[in-house]
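Every chain is named by a letter (A, B, C, D, E, F, G and H) in the order it is written, and numbering of its residues begins at 1.
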């Protein structure tokens, strides 16, 4: 049973840390599957390998600006999320992680509205762009921020949709490499959910699951006002 | 502009750490608002205060089994989520946090299906209850787990909806007080999103935002298969 | 040579951790000095001791709302800062530390303008109060914030005076007890300076030194535009 | 609204971590602004880029001994601080950070008096140089120190002006890379304010804000002795 | 008295961190011992040295796929464990450590049954392979897992033999480099024992000691049911 | 499927952190099982509860000197390990954890030989007692040690059986509460396996699994000397 | 072989953490030894126990101001160090640890010269007292300091005898409980040796060993100038 | 006032981290001093610089096997310690730090007796060499040990002279890079003093101060047995 059946989304292969031989063997095995498969965290040498493999007939498309590629894009049953995610970054140093998030979401059919460089050191920029972001009616907000990471709690206090914080490995000295940003998001007074530092892939997958839920789930008739909602206990 | 207008959900007041005088002053001020307001992390002394305040006419309902109460329940425009959340705990020590999550979600109109004591030390229990959880078609899974916290990554590999991990402050020695569980969830190979240790309230709020999105958002026509989804950049 | 001669400000005695006997002995010794002396972090038992000592003729005034007192207030040559500090708190839990800051600054003759409960979860409150704070023309801003501490970097991006961040020991789980707030302030993209968690006293002293400098120092004629300012090297 | 309007000081661009393309694009955009702009933490490759850009007409001056440069120096309305800062280092390893501090302050018109290599392992050197430093009547002291960082608390006990501690990333083994120095400064018995490890830029900006305040702010009539200073509460 | 006499198992020499000269000197000294000796954590340069030494008559066999070699293999009295160990890995990134474990155990005569890539993100794979592992009747299970390390506690809840957890230095951000996996195993609700991150060698040695015990120790007559077993106290 | 079927050993219930109501409910449920069940980490109040429950017919025996009890001792099919474990402590402060280990092992039919107070500060005591420990032919050594925990690596270099290190929460200042002892054991040059700080219960269970393996497993014919042992790969 | 024979100094028994029964049993056993024995870290209840034991004939003298006592003082062969130690504290909060150090050293016959409250926040106090300390010709300096602990590196730069730093568990927020003081001493530019936080007993013992060496060891004829001293290698 | 006058020992210059220009400038300045000066932590490039400087007349001798050199060796008044230090290492990886210790001590005229590779994994080696070490009558023991660092507490329990522990940056995974060894030494039950990880230089200097004290200090008449030693309080 593949990931698609279990989790409803296609496989994403982590290339980072894999040798060229391991990656080639894996791609040849995956090539037999009837599905578009994402490959993340590609190094330059791994992208060079693709050139060789393409000559041997593998269809691999690289996603520009991100270290992502798709094996036989368009194959199989695409997720077709057909919904919108808002992607917000605090500074230019967050771009690599944001590209990963955007690449995955758009590959799976989501619309992405994006605002860059809107960190809290210049709060007016966030306030300027916020109406346009809200107008796009996103099903989820994703915030990439390093250093002190304050963009995530600030945004979470301003919008009425789920916010996923993605701390990026920016910063220096004590609390650097994303540690401060992660703690800021975990301690946020305005509620939000968090992934690990530089966790663009898990954030994109959870966002896709949220967006998909927003499209297809029929409402069951709500509990009448004034009484508490029903409850079922299985274990 | 109150929290309701900004984030679409009613206020939750954190009682923990507030003196009785501060809490009383706050409740009297909130009593003038036309909205049901949750109060969380109540101590015994704070619950005793409620008895006094009720005599003076404040309508405060305690939620049994959780350290939660509602100020003038039923007032205003309830969220009426009208959707289902699955709430799963690894052990009995996770109950206090789970009660907080369930209390908030049911107060806001969600159905909660729940499976307790299904930690991975006895994996068969999780596997037994999983079909029933899935059959309830939950819009989100919330997993409360302490110690090694492995229930969250295991569950996230088995379901196709967003999973929110809530590490609980269980455990001993190195990695105790929820530290190991938090790291387990941040490092999970199966994607999930996380809140801080014992973060029942933020988890419930994010889950509510996910559930609400699942009910109301109309799908915009999906991008045709084979091309990448559109993108808008605002900043 | 007392602290006054060395640092230009009166002594502040830390009562925390001192036995009643040690504190009494110290107060009797300080009582012979011709100067008003602050005593900080007083416990209830220590305040009770004051009642006894007052009967024996010591003049000790407690500062309401803070765990501070002044030994023979009005004695000696008060600092008479005669300038304004802005004191801003994120939530009610920051009040104890803020009271310490305000008590010291006002005792030494500063005006204090204050805005409470303006944390970033409700950003509109900060934006509402900011014009009034700026209009008071404060020589320094002091920000008390726990949890994610994001108020400090947000404010530092909005004002043109020095900002001192005071992380407070608020928060839960990972990064709790002020750890996240401290890191947030150390990593802030908008420049600010920081004291340790709950460091109300050092913050107040540094603020007093800043305010005093703002009153009395004559400008030496600036270096002509276009050339770099002069430089002197002593060691 | 640029940083100048918000914070009263010109922009400082962090070059560290930016690609040559990103930096070039940014400089061309900033070149249109009517203001001298500092660029910090420049790599050798980035400085080489300047040679190319100068040929294309951009006016960029490098500040010798520091990894700093100024884009169109002399342009616009310089801060003209016209006041003195004292800059003190514990050892030669602190020179890189001190050069950054001095470069910024002198670029903005401050006088800098400096004493190097006066760490506490040879306390007599500090005591020798201290009278000259005091005689320069600095509005602020900046202390760069790594290893055990004890110079900062020692100096803070000897002077009557605000002290900003800048821990530098010196040291070995446990507490190395500036960790011990940071903690020493946060725990200092003599009050001082701190920036993050190697935080030369934020220290310089806060120092500039302190110096500017020392020049221009008129004293409001001090509260009469014996009564507490007035207080205003906005929120 | 060599390691063999003290601990019943041959020497394993750690090559990591040794200079080529130090390693050569050591090998020449060990060459005089009547025993097969393992050398672990070999670098490429150290393997090159072997080619030279072989020409000079030293018998050194490299173990393919692992950074291990044996000096005069077959010499002396091999351990001949003659029992089975089960070796399980969560992902391909754990292969280097697993090769080390397998190399040592097989060199000492153990059978190794192995299941790779059975991490909990795809729990079905573990459940599929488990019956075959159990059927091999292993005397000990060794689990190599990085990231969240959840495979170890899950497996420990499913088998009735001792489980040794070997956290591998996989993972990113907070809890990366094996930290989360180590904590997961230390906090496991299902009992297991742990070695340090990437501790393939100590795990293999402890496993060998367990396997050897399983072969040779005669049962002393058990204490009769209903009374507690006897006890001897020496110190 | 209970723990007995899965892991071959009876249930051990952790009483710590359970309310009296929760514990009573659990005991009544377990009372219906045909098996002796251990209850660990009992508080005084929980032991008082037993007195009440005994009057109501529950058969609960407390194990003297440890915070352990057995529900209907003698019931069911006892493990009857019938083998010997050596239990060694560094100091008197390790007694509480050692009692837990000994209680579990003896309850399950193992012989326990024990040497107390043989920490390395007085190495001669360990060397004196070691021959007697070895003569008892233990299948496993368990070492309880706090502070610097050096007893575990020292012992592991002296014996030829598996050693399980149990760091105890002893020590002061930096590395206190068992942290140093845990790291010492994880870094031990002489191979050993480790459980978490104060992990008496997991250590006892793993030791029981090792001892049981030592009694019952038949040797399969060893691979002939000179060739590597066979290998089977399932996944 | 007791501690006296091995290490040349009498036993010091750590009372902290021992139950009254354990302590009584231990004292009765030690009472048979022909030696004065120190007991450290006594609680109030343990001191009460002494009153009972004295009635039964045990000779126990408490050392005023410290949590120390001596069992049959004067018995056996006292160390009679007959040399001088200098003991220096930064603040009154360091008194408890200093009393422990002084109690042990004086009990063993050393002279102690002491300077209190000479922390670096008031450097002049240290400089005033230093000539008197030096004039006493101490064989070792012991420095008790918490908070930033800077007294130890400052003193180590001023004297020509070995300095032992004893960080005390003072301080607040980040680096509190002695952590910053320990790191300061470990990173000190002026060489010194360190014990753990609140390690008065180990510091006193090492100081006693230094003092004893200063009295009794005859100089062997020094290596002639210009050549390097001889060297012997045993292993 | 140079280091010699203050601390009685010649200067040791830390080369690590200094540029070639900085080092050259420093050496030329020191060349004017009438004293042999040690230079530590030399890189290969820095040693190459010496070749150039020697041609220009500077007398610099490198100490073989260590990254140390002496500027005009033999100049001035050598310390002529004329006493013996015992230097003990746990493994070959500790050699670099030990060479630093030995180089300094022998340069200053001390005899060094040395035992290598006597870590506790093979305790018999330490026990074999110990009588010879003791027979050399060392005034101090220095122990270099990484990994679990247990050699230091073991040795400290066996000798009657001061022991200085030098944790070395050996080890892997959790507690690696000397962290575990440092904690082991800080928590040692047998008293010892510690320097930071890889702190060969401070250890050598403190050892030299101990040795020098052992040669020259006359005993003042000891306090008569039975009364406590005298005490003087200066501050």
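Going forward, contacts are C-beta pairs under 8 Å (C-beta built on N, C-alpha and C of every residue); 3 or more make two chains touch, one makes a residue touch a chain.
Keep in mind that this is a model prediction, so the values were computed, not measured.
Most remote chain with respect to subunit G, judged by CA-atom centres, is A. Rounded to whole angstrom, the centroid-to-centroid distance between subunit B and subunit F, based on C-alpha atoms, equals 38 Å. Spacing of subunit A relative to subunit F, judged by their CA centroids, is 45 angstrom. One inter-chain figure worth recording: subunit G and subunit H are separated by 22 Å, centre to centre, where each centre is the mean of the chain's CA atoms.
Listed for subunit F are residues 6, 122, 156-158, 172-175, 179, 182, 186-188, 190, 196, 199, each touching two or more other chains. Interfaces, counted as pairs of touching chains, are A-B, A-C, A-D, A-E, B-C, B-E, B-F, C-D, C-G, D-G, D-H, E-F, E-H, F-G, F-H, G-H.
Those residues of subunit H that touch subunit E in the complex are listed here as 92-93, 122, 124, 170, 172-175. For subunit F in complex with subunit H, the touching residues are 90-91, 119-123, 147-150, 153-154, 156-158, 171-176, 179-190. If you check the complex, the residues on subunit H that touch subunit D are 1, 3, 6, 17-18, 22, 167, 169, 178-179, 182, 196-199. Those residues of subunit C that touch subunit D in the complex are listed here as 6-9, 73-74, 78, 80-84, 102, 105-107, 109-118, 125, 128-129, 132-133, 136-137, 139-140, 156-164, 186-188, 190-196, 199, 201-203, 205-206, 209-210, 213-215, 217, 219-223, 225-226, 228-235.
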